[in-house]
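Here come two complexes built around chain A, the first alongside chain B, the second alongside chain C.
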Partner chain A sequence: MNHSVKRLRYVLKRLLQALPIVLAIVVVNFFLLHMAEGDAVDVLAGEAGSATPEYMAELRQKFGLDKPLPVQLAIYLKNVLSFDLGYSFRHEMPVSQLVLDRFVPTLLLMVSTILLAVGLGIVLGLIAAVGLNTWRDNLISVFALVTYATPLFWVGLMMIVVFSLNLGWFPTSGMENIAAFHTGWDRVWDIAHHLVLPTITLSLFYLALYTRLMRASMLEQAGMDYVTTARAKGVTERRIVFVHVLRNALLPVVTMAGVQVGALIGGSVIVESVFAWPGLGMLAFEALFARDLNLLLGIFLLSALLVVAVNLVVDIVYSLLDPRIEVS
Partner chain B sequence: MTGQLLEIRDLHVALPEGSERRYAVEQVDLELAPNEILCVVGESGSGKSLTARAVMGLLPAPHVKVEKGAIRFGQEDLTRVGDARLRQIRGSEISMIFQEPMTALNPVMTIGDQIDEVFRFHARMGRKERRQKATALLDDVHLPDPAQIIGAYPHELSGGQRQRAMIAMALALDPKILIADEPTTALDVTTQAQILKLIKELQAGHDTGVLFITHDFGVVADIADRVAVMQQGRVVEAGSADKVLNAPEHPYTRDLIAAVPSLVPRAARQRSAEPVLQVQGLTKVYRSGGGFFGLGGKERKVTAAKEVALELRRGETLGIVGESGSGKSTVARCIVRLNDADEGQILLHGSDLRPLGRAAMRPFRAKIQMVFQDPFASLNPRTRVGRIIAQGPLIQGQSPAAAQDRARELLEIVGLDARAFDRYPHEFSGGQRQRIGIARALALDPEVLVADEPVSALDVSIQAQILRLLDEIRDRLSLSMIFITHDLRVAAQVCDRIAVMRYGVVVETGSTGEIFRDPQDAYTKDLLAAVPGRHWLPARQDAIA
Partner chain C sequence: MTRENLAHFWRLYRRNYSAVAGLAILAAIIALAATAHFFFPDDPFKLAGRPMSPPATGGFLLGSDSLGRDVAAGIAHGAKTSLLIGLVATLVAVGFGALMGGLAGYYGGWIDDLLMRTTEMFQTIPSFVFAILLVAIMKPSIESIVIAIAVVSWPAVARLVRGEFLSLRNREFVQACHTLGMSDLRIMLGEILPNCLSPIIVTGSLMVATAILIESGLSFLGLGDPNIMSWGFLIGAGRTVLRSAWWVCTFPGLAILITVLAINLVGEGFNDALNPRLRERR
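The block that comes next holds the complex of A and B.
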């Protein structure tokens, strides 16, 4: 069979496999969220200050919250299948619109973070491993250790203090300068400018992780027999590092990165709140405290889809890097 | 001496401080002439591999380095030339092949690209010309369909094919010297025979000097022109193959040769006809892939054992002989019930073990015990030896005191000091560990002992000791033993009867004497013909018995 046909089949298979997973996630989330005490009506009533039990019952009936749980689940599932994620009582907007609005900033932050963390992590790990026990290695190792141990929110705050307030290089918060009404490339540039600090903050921890992983992986591969073979062939050290060792050493890093993308969405809540980044993490946080279950479920569903998609991409990248993995 | 390709003089390779000995290689003098195969023989730790690596400048720097001595190659001293010149020599004038062709090749690079590197770094040639050359090389080493193999990754080839590709790579630029570091140790005997033949053929065709490192005297007998025997970093004896093999002078050489099991089966023993274990129609299929609405790709089935029938009689040793993938280990694991067979019967004194569940199997577990191949991996490194041995009886409900007493007793039986009881496995050598493994298996007073390649990971002198021990224990404790091996020499010396397996099928069964004297199946004949050094017999024929 042709190789690309094989790969297409593989993707198709993986997507099919993802369907029951996503469905299970929806169902589990649904029950989990309903296990918590209180609903949106409680919060609304609490905020209003005075609400009679009759009015609350009326609200519940209006929102469909008085029906038994299985019925609510069935209704929700039916709606999801027709791409209707429900209505957020809190924001008075359809959930799908809310979620999609916030999805783009999240995706932007995530992708830039991953690229920075994985890309720079690989480079730093490579430099450290090549110059083993030199000052370069020591410097990078200390840097990795320190960033690994520093809490995210503190890094974020310090970034703002140093680069925004003192130096004035970057804006303190937000995703764009709304008042400036930029369009076209100006807007892209504006967003990129706003993106710098959140990305660095969020990626530092992962950067440390990948640097250490890459360094260890390079050192491990450097001791392999095929490296001796390459040396015995008279290949230069440069080529051994960049052609033979590098590609093999990348494999564990790619695996790790794939696993951590999911965690990244969760970890971004802190960064989003520090930098007022209008992403999904912030939205989820707000939704949780407002008992806006429809919105939460929508966010979870989108996150699940995102993780499934990223894992698929990682697996395909992996199969390109390692011919031993068969896409079948 | 003139006319030599390579002269090693007074070579000292220093080990890092705090090692067991100061020099890994000490006062070594060797020379290699064109068109000559020099075999350097020795057990593990003899310094034979490091000598070879010193020639290539491939010592594991910076801890291990040449401290004294010279390696003269032409006008140059390889211990003194610069890195750039060394790189030039490597791969073009001196090249090397390694033991494990799987790990010695880069798993994510095609065979063609890996051969191409040699040309890229040593010769000025266009891309197309290099490609043509590489294809021609693969053809020279008799690989089928070179045009396809050139684009294949190492994992897509068999072990023998990979080693052929390695050889092609090493001989790409017609080097003056080929260093072969145990190039056939990881291969099956029939493949080994082919590779040895190939090395000899190519060497003769190109006047190459070959420095061949091996631990196997059979291989030496097959290919060596001259032999150097190494022990503890020193060359204890060197000379023509004929002289060293047939009239060894140094006592160590004599010991080594005496420890090589003879191919002449030992005399048949008196045996009872009472069957202990009967295996009938044992079939095991490994499945992978498949499923998922037909999108999962083709389901792969490997029939590791197909209708295997064996009979083990009281007090005898039944050998299961075969190459890798023949299913011999699968059969063993099914008998011990580590794997579940799909079909067939495993009758121990007439009761079928195969369908038994965990609980029902437990009383039978004690009756059949196993000794594993790798003495390093098969003992828990965090558990004291005494506990390793006593664990089985404890699980079977013996009192701790009784189990520990028994463990001490067993340590003595297998020839270890009782003080070993409180020590950890890593404090022992490979041979000692295998003794511990045997003691562990004996702790449950089994009737049947299944030994899966128990001596393959051991040096030849240790191997002889362990084989003697197994023999002794079998008689003393009236055990019946299933002995799995790929080594026909070993089989000849320990087995009363032999079953030969191939592709999961028993192709021939018979008494050891019959099989060696008059093999019926074509495959058995091939196996026997492939045994290295079959025309050379160690001076002493009663090596084990």
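The block that comes next holds the complex of A and C.
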């Protein structure tokens, strides 16, 4: 079989495997919505202040809430497929639109976090592995151990105390200085300035993770036969580490970067609510306070789908980077 | 475990100095939690003196918050909450995960497929967001927090136990049990499970640390049990006075950091002592 046909088949197979998971997540979402006390009509009636039982029954009929559960599930599935996630009564907007509006800031935060955590993690892991059991290695290990145990929200608050309140280097909250009406590059610079503290906070945990992973991966590769061969050929140690071992050690780290996206979304809820970063996480925090379950479920669904999508992309990229994957 | 086994385990464990240090710190925190009622007999939510007193003034060792609550008392009482929730949630997660993984690994076939697909789905869902959602839907309380943490933590155990059961189920001693006519249940619980206890203990001890972190995150977001003092709640309440009273947030956060660090060290110590083969790899 032709190489590219094989690759295409692999991509299709992975797409098919992702489908049941997506379906299951949507079904879980539906049942969570049902577990919650009261339905949309109760919320509406509560908002309106008073509603007659007849009017509520009529509303239920209109929304299809009087139908048996399987029918309701089918309606829900249909709605989700057409990206109709219900209505947020607090924001008086469709959930799908709210969620999409807030998606960009979260994406910005996540991408900058992944770049920082993976980039710096690779460098630190490399330094630790090259200087195995030296003070550098020990220092990096202690750093990883401590950041692994630190709650994100606390780091964020301490960052604010030190860098915003005491030193005044960075703003305490928000994504941009709206009152300043910056445009063009000024605005980009302003957003970047606001982005620094949230990004550092969110990346600390993953930095520890990638550092450990990179170190372990480097050490594992260093024991491989091809390293012995290279050494026997007289290749310099420097070249072995930076050309041979480093390249092979990078693969598992790149994969992990994809796997961690789910955890990253959870972390961004915390970091965004600490720094008032106007993304999905902040929206979730607001929804919590307003007891806006529709909105919370919409955010949950979108983040779960995002994880599935990222895993899919990582798998496919991985199969392109490492031809051995296709064989198995 | 017999006494000799325990002594052997301790000999292996104490070779890892940081693990011994972790154990000592953990013991101190447990002591703090156990004596909270003795040293701070009052309700930690109670107004105890002048609000916003800096540390070591007005009779407050670690200062007071915006409502005049004693931060030190909050930390001592919060230690109970954190340790209790961490431990119970982990026990529930390990129990359920071991059941799922055990069944999947022992029976294989469609049971394995079904259970593992379920596990995969739970692993795909962003766990912290899921925990938030569960607590919000069930209303914040100790029980709902325990359930939420257990629901997002069991898949890791299930995968681990499945792997162990899979590799053990065709071993000779298990085949011998079949020949003797033992029931499946007895083989699973009495023969296979004891042989995979070490990795379960190691994973479980590290899960306690994660559970404490999740609990603190939940109560920081305002999803803690409103009647019970916890570290995350203290930090969440201190947020608004960050500018004028840094100590309200700082000390409870340090308490979380130290506790989680100590538990992680103990977990690594267990790993070294229970899996001597793996030690060289680290």
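The rule we apply is simple: the second predicted complex is superposed on the first by the 261 of 328 C-alpha atoms of A that agree within 3 Å, B and C clash if a C-alpha of one lies under 4 Å from a C-alpha of the other, contacts with A are read in each partner's own complex, and residues count from 1 in each chain.
Operating definition for what follows: a contact is a pair of C-beta atoms (placed from the backbone, for glycine too) under 8 Å apart; a residue touches a chain by one contact, two chains touch by 3 or more.
Computed from a predicted structure; not experimentally measured.
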Who does A:218 touch here: chain B (first), chain C (second), both, or neither?
-> neither
The answer to whether chain B or chain C touches more of chain A is C
Can A:244 be said to touch chain B (first), chain C (second), both, or neither?
-> first
Using the touch definition from the top, say if A:207 reaches chain B (first), chain C (second), both or neither.
-> neither
What residues on chain A does chain C touch that chain B touches too?
-> none
Seen from chain C, its contact residues with chain A in the complex are 117-118, 120-121, 123-134, 136-138, 209, 213, 216-217, 220-223, 232, 235, 239, 242-243, 246, 249-250, 253, 256-257, 260-261, 264-265
Of all residues in chain B, those that touch chain A in their complex = 56, 58, 87-92, 95-96, 98, 100, 103-109, 117-118, 121-122, 153, 155, 166, 169, 289, 292-293, 295-298
Which residues of chain A touch chain C in their complex?
-> 20-21, 24-25, 28, 32, 35-36, 145-146, 148-154, 157-158, 160-161, 165, 262-263, 265-267, 269-270, 273-274, 284-285, 288-289, 291, 293, 296-297, 299-300, 303-304, 307-308, 311
Chain B partner, complex, touching residues on chain A are 9, 12-13, 16-17, 224-226, 228-236, 239, 243-244, 247-248, 321-324, 328
